[in-house]
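Before anything else, here's the structure in question.
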Amino acid sequence: MPHSDPPSPGYRYSFVDDYSEGAHPQLLQTLIETNKTQETGYGRDSLCTLARQRIQAHLGRDDVGVFFVPSGTSANAISIAACLRPHEAVVATSSAHIVTRETGAVEAGGHKIIQVAPQDGKLTPQTIRRALDDNWHFPHMAKPKLVYISNATEIGTIYTRQELVAIKRLCEEKKLILFLDGARIGTALTSHKNDMTMRDILELTDLFWIGGTKNGALLGEAVVVKDPELASEFEFYIKQHGSLLAKGRIMGAQFAELFNGELYYDLARKANACAQLLSQGIVKAGFTMDAATETNQTFAVLPLGLIGRLKEHFNFYVWENRDDQAVVRLLTTWATELGQVDKFVQMVHEWAVENSRSA
Amino acid sequence: MPHSDPPSPGYRYSFVDDYSEGAHPQLLQTLIETNKTQETGYGRDSLCTLARQRIQAHLGRDDVGVFFVPSGTSANAISIAACLRPHEAVVATSSAHIVTRETGAVEAGGHKIIQVAPQDGKLTPQTIRRALDDNWHFPHMAKPKLVYISNATEIGTIYTRQELVAIKRLCEEKKLILFLDGARIGTALTSHKNDMTMRDILELTDLFWIGGTKNGALLGEAVVVKDPELASEFEFYIKQHGSLLAKGRIMGAQFAELFNGELYYDLARKANACAQLLSQGIVKAGFTMDAATETNQTFAVLPLGLIGRLKEHFNFYVWENRDDQAVVRLLTTWATELGQVDKFVQMVHEWAVENSRSA
Amino acid sequence: MPHSDPPSPGYRYSFVDDYSEGAHPQLLQTLIETNKTQETGYGRDSLCTLARQRIQAHLGRDDVGVFFVPSGTSANAISIAACLRPHEAVVATSSAHIVTRETGAVEAGGHKIIQVAPQDGKLTPQTIRRALDDNWHFPHMAKPKLVYISNATEIGTIYTRQELVAIKRLCEEKKLILFLDGARIGTALTSHKNDMTMRDILELTDLFWIGGTKNGALLGEAVVVKDPELASEFEFYIKQHGSLLAKGRIMGAQFAELFNGELYYDLARKANACAQLLSQGIVKAGFTMDAATETNQTFAVLPLGLIGRLKEHFNFYVWENRDDQAVVRLLTTWATELGQVDKFVQMVHEWAVENSRSA
Amino acid sequence: MPHSDPPSPGYRYSFVDDYSEGAHPQLLQTLIETNKTQETGYGRDSLCTLARQRIQAHLGRDDVGVFFVPSGTSANAISIAACLRPHEAVVATSSAHIVTRETGAVEAGGHKIIQVAPQDGKLTPQTIRRALDDNWHFPHMAKPKLVYISNATEIGTIYTRQELVAIKRLCEEKKLILFLDGARIGTALTSHKNDMTMRDILELTDLFWIGGTKNGALLGEAVVVKDPELASEFEFYIKQHGSLLAKGRIMGAQFAELFNGELYYDLARKANACAQLLSQGIVKAGFTMDAATETNQTFAVLPLGLIGRLKEHFNFYVWENRDDQAVVRLLTTWATELGQVDKFVQMVHEWAVENSRSA
């Protein structure tokens, strides 16, 4: 569990998270240009319609529901509430965002989360099976019904096609709904390790969402729902959760632009590239990674002395203390300044040189 | 209950609602100017801080909590969830927004709404008392604990100071929490009939919110919480409901600008002025109002023939059919084009002249 | 709404409710006789099995689910929770038990109740249609999905076959679930006005329950579920609500006995017969009824002076004050002592004679 | 996790659970004797009053609330719902009854359970502290607020006074509510290892409950609430959960008898004594225990061959398979037949002798 001084950027450059900046300029421009037209409320506007069409075209299917909600927590809470009966439970890793960062929103909606230990941040058919085996005593136990995964995961790792296929098969065998949290799906699908497209994600899940907030938008996530019956009533859930924005256009405009050509992926590629620069620079200076840098999250094991010096110029999470070292988490985005990445790497390098001399 | 053709503006000018346009230009400008700076997430940014300070200064108290949430439904659901124990109920008019337009969000949060008949859209001490009298059989009945009022109301009327004082006194006597939905508080406080300031609202309620979405912002409502203990945990509720936006700055920037000087009220005044022009023009042409036009909502009783003609050029709700007449609802805002108001009034006038000739 | 001195029987004979006594002796005898055998827990015991078989035989169908729960409130809350999605609402009269006597249990389960004015305590196709017409603005309104009726109703009236058929047809047309609260179904089906059997009830509803608590049992209601899919998971809901008793045998034993021959109906007939004696005696003495006495509830309009005298010997609810008169509610059961009924009627008669003399 | 053939007693004597038989004869006798008197409903009857008084006298305090509910799951769900705000969480062991046997009832009430690994089935200050340390990231994490413990635990172990004092101190330091599930509190307080009285339990917890179902009653648990404000509204929660039985007398009568003298403890002592006989007999035959036999649960490690033979005459849970052995769980109660205990021990002994000969 991370503990850190409160993130207080300003004079220090921030690698704290991937939502420190506002919108990507192209998205802002669309907002400006469409600001004055009158539009229908609650997501029935021309901008949401355009965004929906572009996402459907990108997915190669015009029969799936696409819904815009303001935050990742609302995307997860709404999707899970829409899929489950009161006695049905979610299976997720103990490091899942819904477990560790959503203030019990899933439980507030009435559902138990059955936690299993993550493998590289991921669920596997084996751990899901064990969760099913451990929750058999019906009707005295909540019934496992929905499998929640994140891609990229909370530690920046990604699922391969083979891994996702294996989970999907198990879900079909056991009649489980497979739901994918795509807060960072852009960085996952542009990872050097990735072998899937978003169409694969659509094919291999029951519903998933495309994160806007962490990839260039001011706010907004797009939930993609395959089941036509579920899709036909999905707006009820959104509205009941207070997530059906009157001026839905604000999300429509941004997603329309994100899926205008390759922009969504371009932004994610930039975030990943910055993480690679950080990661490779740190390793080159002689330090180790705590997790493979597969997307835009870099988990490095650094000496406390070095961390202290870096903190003078940068802000980031100290994720886990380990004697005279600690794991730090560095987040990069489409907006990350390359000069700051260079400066960070240089400081790490200099400290390594100084310390090897003195040693 | 309104029934209407689906609101589909575009070629027709819309008086359907007060969220058809984007942001007021000054708000958009602030968003543009602050877009690139790095900010802390989840409402701890400098823009939310500034907005909070300006609202507190406007209210004359720096010890009240001010929290930004994306929608009116979330403002209501979160506030009510934060105030009530599971067995406690809300008292509201049967025309209240939480009763008629929020998909049962209050009930989804576990709470019963005790409905009473509205008087000019409002609650009164008498109707609240009756609700208490009718809900006495404890513990077999949910316990009335929170009184929900809207100012302006759902039909555009407003509370006078005397009316609000009377309700507040009853609430104190009966230990009820008084909660005010201020989706349209701007138009209420700038109504020609108004005799209160926002400081009065603060003094005479336990918590209330200031609507942004319907008064110039792209999204956002500011919930003001007086009780320090409730305020100290209020963010938990916001987060759990999925309403703590990662880039809270988007709401902070807009509210900072709305409360930079008199802008918030200037926008509302414009909306009210347009409603007066519509209302007076319609009355002058010989038609009647179904409710007094006190804010930015105009409810006019018009012949079906006239409505049909108006619909060729304008979009609006037909609220209630009455034989060969109907009540129509016309909404105006800071963005309403005066030329369109004039055109509407002129068409009403022309139809009246034509018809009187033929009669 | 009833207001009364707190029901405190003891020296005064009670007509307050239909759960003042313990179990009917035959039920108690079965409990005693089966007390020592070892049984499987949680409703899988031989007594629940026997009760289930007898109820199924009585209903003429062995393919319906029969589930025992400890109280009427749990029967209603569980059934409604099992049937509805989060955004779906219940339609009921404003006098419905779920509205007036269950502490908001349905809302605590997340569902809105759309209330309509009762007609003789009942719903009609017309009032249901109006509720649908008033709740059309999707997705901004909760979706009406389940119709809740009570037979007998909360004021003791009953549905005729024709009335129930009409409601069922509307429900089928509108895809609504029809749920019948049978807390007093025994007195309904043995009413002199009744033209249905329990098989008709099964045929004309989607699920319903058979009240034990108010008809001879210490506790327990039997929920009958037709839909096989719903039935297959119904125990999850019961367990989650804390209503799956470890020693389910206590309910099984009692229902097995209640449905051993005609006992269930015999007890209800006795309750109804006592009500007829009370009702006819009161009318004969010159007073009027506030509602037709169709089952075991008698609502009589009596002078306050008479009520005061009756209160010296009897305990009952004063349901509604009306100047120098009031409506009183008298409940009778299988255990009501005929001598007390006679005494009550005699006191009413004597008071009438005295007062006519003095007048 | 236990897996077993479905418990199907009958010809086989059952050690499956502690609710296989009906009521203790004295309790049944009280029910019979009080069956015909008229009583006020919903727990305001003379029997509940007597039971309440006797429990209060036993606890040495007449100012605590005592409430009767039908099941352990309802006792837990109601108590937790009554204590917590929506964003507050429970800390419990992963083996806690609320985690493993209540179908997600706590989550259905909206609350997250933070699970920690049990130490001999118990929580410790260290594991609670770790749960707090791991759940610090407010408001993004649910706030730990209530600590749930069971005494005896789910594996039959008990808390010593020192252990409970240490937990209570931590709870006071951290402002946590301490709630004790006493489904088997009778066997805990009569354990040979016990050094507490029920008055100690009252002093060292914030609320707790006294199990009736597993210690001689047909149904019923008595929740003891110290906080006067919480107690004053506790019935609302009970009623809302459908657990306020109309004929509350059924629970009152039984608890009045259980706390008439030492009966409650006598029954528990008998259950514990049988467990000791089983445990010692099994150990004497050369087999080991998987957990110390401190109350009425015996967890023995037996060879599969022996288990097979025992299954011909007895029914019990096979809790965990271990190669050619397995852990079996044997439950004993006030009703356990000593002859069956002897027979069980004898069969174990004979099998051991046979097998040592053949070895």
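A, B, C and D are the chain letters, set down in written order, and residue numbers restart from 1 in every chain.
Simple rule for what comes next: a contact is a pair of C-beta atoms (placed from the backbone, for glycine too) under 8 Å apart; a residue touches a chain by one contact, two chains touch by 3 or more.
Computed from a predicted structure; not experimentally measured.
In terms of the distance between Cα centroids, chain A is separated most widely from C. Looking at which of A-D and A-C shares more C-beta pairs in contact, the answer is the pair A-D.
Centroids built from CA atoms put chain D at 42 Å from chain A. Here the CA centre of chain A is 34 Å from the CA centre of chain B. Chain A and chain C have centres, each the mean of its CA atoms, that are 52 Å apart.
Residue positions 86-87, 102-104, 108-110, 139-140, 142, 236, 239-240, 244 of chain A each touch two or more of the other chains. A complete topology is adopted by the chain contact network, contact being made between every pair of chains.
In the complex of the two chains, the chain C residues touching chain A come out as 42, 81-82, 85-87, 109-110, 138-140, 142-143, 233, 235-240, 244. Remark: chain C residues 1-3, 86-87, 89, 100-104, 107-113, 115, 133-134, 136-137, 139-142 touch chain B in the complex. For chain B in complex with chain A, the residues that touch the partner chain are 7-10, 13-14, 16-17, 19-23, 25, 28, 31-32, 34-41, 44, 46, 69-78, 102-105, 108, 213-214, 218-219, 236, 239-247, 249-250, 335.
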